[in-house]
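Okay, so subunit A shows up in both of these, paired with subunit B first and subunit C after.
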Partner chain A sequence: MKKIINNPENYVKEMLEGIYIAHPDLVTYTADDVHCLIAAKKVEGKVGIATGGGSGHLPLFLGYVGEGMLDACSVGDVFQSPSAEQMHAVTKAIDSGAGVLYIYGNYNGDIFNFDMAAEMADFEDDIKVLSVVAGDDVASAGPSAPGEKSTRRGVAGIFFVYKCAGSAAANMMSLDEVKRVAEKASANVRTMGVALTPCIVPRVGKPGFSIADNEMEIGMGIHGETGIRHGKLESADQITDEMLEKIISDVPYTAGDEVDVLINGLGATTLDEQYIVTRRVSKNLADKGIKVHHFYVGEYATSLEMAGMSISMLKLDDELKALMEKPANTPFFKQI
Partner chain B sequence: MKKIINNPENYVKEMLEGIYIAHPDLVTYTADDVHCLIAAKKVEGKVGIATGGGSGHLPLFLGYVGEGMLDACSVGDVFQSPSAEQMHAVTKAIDSGAGVLYIYGNYNGDIFNFDMAAEMADFEDDIKVLSVVAGDDVASAGPSAPGEKSTRRGVAGIFFVYKCAGSAAANMMSLDEVKRVAEKASANVRTMGVALTPCIVPRVGKPGFSIADNEMEIGMGIHGETGIRHGKLESADQITDEMLEKIISDVPYTAGDEVDVLINGLGATTLDEQYIVTRRVSKNLADKGIKVHHFYVGEYATSLEMAGMSISMLKLDDELKALMEKPANTPFFKQI
Partner chain C sequence: MDKSYIQKLLKCIKDIMAENRDYLIELDSVVGDGDLGLTMSDGFAAAYTAAETFEDSDIGKLLYTSGKAMSTAVPSTMGTLMASGLMNAGKVLKGKTQISDAEVAQIFSAYMDGVINRGKAKVGDKTFLDGINPAVEALNASVEQGEPLAAGAKKAAAAAETGYKNTNTLLAIHGRAATRGEASRTLLDPGAAVAMLIMKAFENSIE
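What follows is the complex of A and B.
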């Protein structure tokens, strides 16, 4: 395991301590627990937005707490949900009377704990909490009967949900309105990923799965969940086209649509490669009459040091476009 | 070679095309050559700053062209210098009468070509060009007799030189003054790196060297140049302390000094690990009475997908501190 770390037991705690040292102007923590990260500044009367999830995905999740985006993130161990108590602690810290919206990815541990935290905040503190469970992954969207819970996982596209909801809250919209915006963004974002190598959870010390030297896995999840196709490594253009086809037919996105696009590196894949993919996405979408409003390129949601990338698309209307364009200032995302 | 690319011959061209697609508001190119990158906006009367160098180091070098930093970057093939003609082309494009400053790393190919480009700009176009050759690497600073050329390579610390000089130019200082600032920053910045894995140049298709599974190389250069110590992989705290000792004794930095610190990922190393290093740097410097003004953490200068990191320190005075704090807006570096 080639990592620059100390005792793996202290991995998350030491990482968090580094975050607070590097970004004291933007983030701090509450309840004497470094896992309970909150924005350094509280805006009175604003709806609070909290997220949470396992570590190992930086800048997801905690990196989007700051001005114009999220107000809190409870942080779990690597690939593990934080506890309901930690979620409850940040909820109390960020509420200023306008209520709190939870936005988090569709994973069972997170759902269970966030639901419990919402009940605690309601019963113990009389804080109104609403939730949006984001699921943007195309690969895991199995068939589900009407009314049945979706199996669609939350991956990099949650960035778009955070940004739209964060801007809505910064515009002082009500809790119901911020929830409506988050749900609209979530319904219009889709993501596909491809993995080239596994990653190593520090406490485990070895990869949980393997991908052969000349192979890739299309649709793999950000914790190494099985994808939809395992095969020979293809060219950037071929991979991009296959992923786009699956994304586009899902929402669906059609000629005349305007979209924001996120090209996301999973860890070890270079920015050069991400821009080579950007070039192909641009050509492919232009051929289909889909207009790109803005490209976001870089590491937005990683799987430790996994090699691979994902493509996310958000279908825009006038409201979402204006919310996406609003400035933001977080440790990891700055928009001027 | 697990990369998401097309024909390796087109690697740099396709990467650059992706950059122009993603960032049309900030950068464009001149002379009908995508390797001749310039800022989208020209500020009349401002000193122009140009850099250049090989690809494979994103966001170095071209990623710092934009508002408040650099005005141009000529881009070579992976780990190769751009040509004198390309450097000359961007020089003509960015000059607005106040002259042009070249800031680039201490590599023979770059020095040869930049010197030739400066002569071409002088003789053919009557543009005054001055140069600052940045060398911040502690590991490659062999003994050199007075007046002899330094062997000290330019690595991630050049970011600080770009930022200080870019702010000085944005403040409409004269060419001589911007050069003075760049030289002062360069004289006060030092960097040490550590590599855990090799990287693969796309055209070559296999690593140029190897590092055993349980080993690291302290002081390795960003093209795989041999470092100063090869040994067993140690803990993050041990590695950090060894690197800091070499950095601190070089300038030297002493108790009472104030510094900016850059913790830089070389490619595959996670942000988590970079923050674990940040934590130790903070403690180590506090113990020595050296005050950290600001931490910069992330991938600022990479070696393709190499695992490893570097630590850079800039000793501040009031002038450099104010220049470092000025806002900037480039594709890869945004400071609000």
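What follows is the complex of A and C.
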């Protein structure tokens, strides 16, 4: 393991301390617990939006708390869910009577704890809480049957769900309406990733799996979950085309559709490479008659020092497009 | 029985989890990530500490508070499920300062319901439920027949043990074990082992 850290036991705590030092105008914490991060400014009467999840994915999840997006994030240890009590603490802090919406990725540990936190908020404080569980990773499972719970993992595409729901809440829409928007965004976003190297959890000190020097794993999850295809490393254009094929066939798309695209680095892949992929995505989509409304390129959801990247696409309609265009100001995402 | 019995029950569970910490780690290392022994011993220790220092005589609140303490101490999947059981038992017994034998049995059925509500698993899915469900059925039957609680506890502990031992005939549906598919069948389920230990602790608490 080669990381610029102090005692691995303090990895998350010290990262959080740095966040509060760097962004005092945007975020603070509640309940005397640095893991209970909330927006510095509370907007009265607005639906509160809380997320949460394990550390190791910055800017996810806490990086989108601020103005125009999320109001709170409970922060767990690396790749571990925060506790229900921490989620409950931020829920109390951000509720201003309009209720709270939880938006988080589809992982059992997170689901159990968010459900428990919602019950605590209802049972102890009479706060109305609704939840939207995001599962955008097309590689993790097939589409779920109508009415059936999705088994797809949540990955970088949750950024779009945060943005649409955050804008809806900033427009002072009701809890039910913000939830409807979040569900709609979630239903229209798909992500596909590729990993080139493993990542190392600081307290473990060594990789949990390996990928040979000249190989890649298409569809690997952001905690190293097994992907759909392991093979020789290919060119940027070939990899991009394969990933887009999986995304596009899943929705499906037709010529004339409009999308927002997120090209996301997993931690150790350069921006140069991400822009090389961006170039190919643009050509591939143009050939299919799919119009790109906006490209977002950079690190939005990482997996420690994993090399690799993901492509997420949000299929737009007029409502989602308008919500995506609204301004936001958070530690890791600023849009004028 | 009053809150001192619940404190004793939680102490027996804490003790048995501490004694079987390495056993659970070993079982979980085969099918999971091996931390079950740690989460169960740490989690039930946190639950007992909260119960031991609890001032109010409300048994329901005591159970709810212990569950919350456990969920905070060990927010892992199994930690949260076990905490949910305690919290649901607390909700069901809220306001009671004295409980009958039938209500002691109710603690375990409410505990099981809490785990089901949180985890959405079914009996037969090779989980904790395959240990706790036969125990709850045996305990309820015994109490209904008017047997002393000690007899019911003994039967419940035996039923949980049988349930656990039968998990090596079931196919895993949930968690990491499920990724093994048919190869998971002959393995024993660590969650059901936790159920067996809880019911054994219950038997110890009555003796």
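Rule of thumb we're sticking to: the second predicted complex is superposed on the first by the 329 of 336 C-alpha atoms of A that agree within 3 Å, B and C clash if a C-alpha of one lies under 4 Å from a C-alpha of the other, contacts with A are read in each partner's own complex, and residues count from 1 in each chain.
Note that in this section a residue touches a chain if its C-beta (ideal position, glycine included) is under 8 Å from a C-beta of that chain, and two chains touch if they have at least 3 such contacts.
Keep in mind that this is a model prediction, so the values were computed, not measured.
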Residues of subunit A touched: more by subunit B or subunit C?
-> B
With the two structures laid over each other on chain A, which partner does A:Met120 touch: subunit B (first), subunit C (second), both, or neither?
-> second
Report for A:Gly231: first if it touches subunit B alone, second if subunit C alone, otherwise both or neither.
-> neither
Which holds for A:Ser83: it touches subunit B only (first), subunit C only (second), both, or neither?
-> second
Contacts of A:Gly97 with subunit B and subunit C, given as first, second, both or neither | neither
Pick one for A:Gly289: touches subunit B only (first), subunit C only (second), both, or neither.
-> neither
After superposition on the shared chain, which partner residues are touched by A:Glu273: those of subunit B (first), subunit C (second), both, or neither?
-> first
Give one of first, second, both or neither to describe whether A:Gly109 is in contact with subunit B, with subunit C, with both, or with none.
-> second
Find the residues of subunit A that appear in the contact set with subunit B and again in the contact set with subunit C.
-> none
Subunit B to subunit A touching residues, read off their complex | 2-6, 11-12, 14-19, 21-23, 55-56, 58-59, 194, 196-197, 213, 233, 235-237, 239, 267-279, 282, 295, 297, 299, 302, 304-305, 307-309, 327, 329, 334-336
Inside the complex, what are the residues of subunit A that reach subunit C?
-> 76, 80-86, 108-109, 112-113, 115-116, 119-120, 123, 149
Of all residues in subunit C, which touch subunit A in the complex?
-> 68, 71-72, 75-77, 80-81, 83-84, 87, 91, 118-120, 174-175
